[in-house]
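What follows is a single structure, written as structure tokens, with notes after it.
Every chain is named by a letter (A, B, C and D) in the order it is written, and numbering of its residues begins at 1.
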């Protein structure tokens, strides 16, 4: 709870700072503030608690994920300083929006009541609409914003309908109560429909097939900074929320529903990986890879009761790798008009460190050992096998093989092609973010217990 | 003490090898040659010592040096066994070896790589000794492959000529075919008796009870090995080509010693072969046929060394004939006498070639009797010996073989006799064309005609003497050799009481030889016939002259198909297999291109897909819900 | 007090709002003018709001009605942002036909 | 003092090399690799004195993964193979200059670290991790420092990476499944597991896919020749000398004991495939125009024989296979180095462009000759010991296996001698050919000495591996 308040406070501060013209301080203060909030959050880890008669429920799950979100936001905020340096007047707005977005995110994982959930998801979405369309004069950005907005609000409508049906069926918005009733007899037929609709809404947010179409376009059109936010923070948030919704409101999934998940998971992996093969735009490629990762993460749903830790690990691994790679991508494409792979030619020679980081993060996404990505995948696999869905695992493996194809396309470009322009100085912050993120990732790879044990 | 001596006997040539490899280039050619020769002489002397000792106490000397290979059911040690058989072989291997080394000092003196030559020669002697003295089949196999290697190195000694290299390669590979047989044979034996040590094997097989079929298989495989090394059908074709090597090599390796390894091995394993009569029959038949075919090819060859090569093959055939009848001692007898006169013949031909500066075609020789008398007389003696004229060495040994053949199988006897008549013919043909009538070479060759230096002639003389008296070691009646070999041979070989039909057979053999000689005489002395140029040879002669086209046949049946297959694999199958893997990738890419069409940027479509998804899921849930 | 639902019955409300919702969905799918699409989405949301109220009466508690205020507020905010985006699209493209937004694809 | 020290040393070596900078890189790398060799020899000694040099520590408690390194005779033999070849390979590479060599040598050491780990790991997941780790460095070595047309190379290397990774991912599934059964990845726990017939068969196949691609057994070999050809010779040596042996070693250590019944059931097919590989490889090698490709196919043939030996599931088969692994490791490195020596002088790998070198370079010729003879398993070389034992075990299983497998000694002699003749013999080559330099000579002599010594006295190695093989066989047979 304090986290939520503190974050909102920080957001407000960012807005006020603009009035007092403290732009210079903005980014450092925001980062420090977030670090402080991170500390605050972590301190709550061992004291589960509820606020405002169950509007907010702070438990290990919410704290763990909130901390992850905050960490990611720290990285994103740190990068924004350089990213928006061309129009400093907007800096405070963007920072504020990002931080409010974080507030929404935290609300989404720590809700105890569907109204809180709805508010959280809307805060998140609306801030994202703004960020997506934030490059006002860029038609691509506009289009991205428009697409995201239309589909997003459509999805919100569906979610709302779902909530409504659940309320109708149970008469409660409080998920604890709902959970109790859900198992009981005589529950009206529209209760499962309501749940399903909510889930579909979340599936849209994590861009799982067939609700994924928006992702590539929006990722490509939005400013790279926003893309980074979407593909790391938002995806993780949506996934965590989906998990919380399901585990929070139902005692156990029906077999039929698990079949739906299986199909969607396999579909997303395959579509994502196959489509990514022929992309030349890096952001678009990562969008598709994100879709496939969504498919992987959906495996966690199949072993609902035990997968929390694994999910946390996977999301963390994925998001950190994503941050690291986006730090590089933002740097490389910051004064280009497109994000074509060509821009990465010869990066290995001009900026060996950046190239190395990007390579590492791609390897992590591909699931090569010692990078966290490997363990993430492996644990999902073994859990899914224990849950008895070998099919999904095999599909997953086949897909990881395919995924090598496009991840390595980028690596090949960096190391075998000749550089177009000679190297220029890199602002320290890029190195900082990229290296820290990837080091965290590798650390997780070497000591997976650090993260997994949090929720087991 | 004995152990050290034995080791010295074994390693002395190896030392020579090492010396010539590392310092041969530094010292003068004569020195390197001398060292090479001395090391072999040392082994020779040591063999004599051991021989003498054996004659005194009569018990073989066996030691195991160290454990070598061990597999689950037995251990193989690296051991030495000096018994009657191995010592006999040692004596003439090292003895003739020393002579030929001596010969080579002068023969190879003008070759820049003389030290290499001696290195290889020493290495060969070393491996040959290993082959002979090993106390189990696997050690023999080391020597077996080792001598093969040396023959490869020496045939291809003039490595700048790719034809020679091809000949060398051919020799090695054909030997390898045999070696595979040898290996399999060893495997079978090891599986049956879980040992490869001769003495243990002898007792083990003596107990009997082993599966006859497996025994037969083992014997057959070993014999295949022998056909490779000893140039029998169907693997004999490498030996004539092996004449590409320097003449001393042909004398030492491809006439006197290495090619007799097969006979050595069969004699070693006589206790095995005695139990497998079918295989013995095969051996006999193969031997006889080889003798006949090789002899018939020899009739028309014009290259002096080729003639000798084919005569070697046919003589080896006769030896195998004897082996086939279980007359191992007879075979050994012929091996020894053959070693004497064939070595002499080769060295003689070498001396001729030396005299004519590398000319090998008999059509360009003739009338050398005056120019090089020693060479002539020594060669003449050996020729008489090989033709089987009384009382030269060859007479006794060959006659024994024929007698044995006569006892066991009349058909083979006839074949063998025909072969030896042919032998007499082509050997005298060789003599006449080379030494009689007038010289047919170029003028400036005629000028330089001269007798070879003494280093060449001395070995000739020694060998000639041996070719005369060599028969003494196993004269009917005394038959020292038979008694000497008795401990080795499992089955007792019955004595020939010199009865009437023995004498009759001797007479027939002698008569046959003389027929052959007269025939040659009539053709090449009386008519003065000189073989035609290759182009003019026609009809069946042509077939014979081209060795019945056996090489061409092998090329057509085996070599070409393999190469064709190789080409097919390389150019077709490999890429195809590669494509299979790639095709998966291309398929995925194809899907992607289709997918891109679906992702057409139309919001309406996206929304539609969304709604479809929702409906699909809801309906599915409903259907299943109702189904429950 | 006699509850109006006892006369009409909750299911009719549900049917009505589902109907409205579907009309909204159809509008979103069918129309190409961005404004109209917005409106259709609003119809969807309001259909839900109606249902909320109905349910809250049915369950005899106010939470549902409170929630309606939430959703209205949210919808309002959403539309505000949406319109802002729409304006900038119109400024760049000169039209608000969503079929013209096809630059991002593949 | 346990085996982890070797791993640490190699890892530190890799880092140190990276930090040392391009000037010193090669020397530092050489130093560390020699250190590793010394260390492993010392450990071997203490193992022979009965000390326990294995190491087990906990790493991840969920899922239960332990840092377990089992150093029995077999593992130590392979570790020694790695640590002995690495310095030789580095030594051999001193002749050719690499740009930013610090990365290069760091990768080389890192790879040998990963491979050592693979040989030592006694915990499924740990093993798998090392297994995959070994793939990354070779990928970059081949990609960045490779030769030939870049596009072609990229294709070949990417195919190699995807192909091998694909294979091993199925092994990963197998491990995940085994874990779900055993609740641990520890080798002994997996050995204890008794699986149903169908389970075993699937597990076996999953492993087989991984290993068949790595070894490679036909028809999974298509990546091999091209990668060997394109990779820098150092990479080729690492691949053919050590990495292939990872697959074969894993067959002995993991595949057979975990799924013995399946192994017994499929034995004819497996041996058949392997022997088919022997013949196929030899025949394809006959007509190769590129020296490195020819050697690649020859090594395909040899590993085929080794694999056949492994799948006989007999004492002889396994120990012979191990002997042959080591022997082949050394000889193939030597041969590739010979090819490299020629390349350094003539800038070509096409056999047709060579010939007539012998008269120019007696030393090199003799060494090359000996290597050729070793690779055709002439008695007296260690290769013969291995080949003999393997063929013997095959003949015990079925005489025809031995006959067909034995064709390698004929075909092998054929293509190797043909190659030697076309490369070295014939009319003296017009181009000058400097005889071997000191470092080159040292490398070759070391290899040859090893092969000859153990060819005459293989007992030490045999005795080293025999106990562990017995142990494995007991597990297989009950």
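In the analysis below, a contact is a pair of C-beta atoms (placed from the backbone, for glycine too) under 8 Å apart; a residue touches a chain by one contact, two chains touch by 3 or more.
Owing to the predicted nature of the structure, the values given are computational and were not obtained by experimental measurement.
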Exercise for review: State the pair with the higher C-beta contact count; candidates are B-C and B-D.
Suggested key: B-D
Review point. So which chain ends up in the middle if you average the CA atoms?
Key: D
Point to revise | Chain of greatest Cα-centre distance to subunit C | key: B
Point to revise | subunit B-subunit C separation of Cα centroids, rounded to whole Å | key: 99
Review point. Using mean CA coordinates as chain centres, what's the subunit B-subunit D distance in Å?
Key: 37
Practice item. Give, as an integer number of Å, the spacing between the C-alpha centres of subunit D and subunit A. Key: 43
Review point. What is the distance in Å between the mean C-alpha positions of subunit A and subunit B?
Key: 78
Practice item. Find every residue in subunit D that makes contact with two or more other chains and list them. Key: 162
Review point. Which parts of subunit A, given as residue numbers and ranges, touch two or more other chains?
Key: 146-147, 150, 154, 216-217, 405
Point to revise | Residues of subunit B touching at least two other chains | key: 585, 596, 599, 601, 603, 607
Exercise for review: Please list, in label order, each pair of chains that touches.
Suggested key: A-B, A-C, A-D, B-C, B-D
Review point. Which part of subunit C faces subunit B closely enough to touch in the complex?
Key: 25, 28-29, 32, 98-99, 101-106
Study note, to complete from the structure: Within their complex, subunit A touches subunit B through residues 146-147, 150-151, 154-155, 158, 189, 192-193, 196-197, 200, 204, 210-211, 213-214, 216-217, 256-257, 260, 271, 274-278, 402, 405
Review point. Subunit D touches which residues of subunit B in the complex?
Key: 21, 66-72, 78, 138, 141-142, 144-146, 149, 152, 156, 159-160, 162, 165-166, 169, 172-173, 176-177, 179-180, 183-184, 187-188, 190-191, 217, 562-563, 565-567, 569-570, 574, 577-578, 580-582, 585
Point to revise | Touching residues on subunit B, where the partner in the complex is subunit A | key: 585, 588-589, 591-593, 595-596, 599, 601, 603, 605-607, 609-610, 612-614, 617-618, 620-621, 624-625
Check your understanding: In their shared complex, at which residues does subunit B touch subunit C?
Key -> 596, 599-604, 607-608, 611
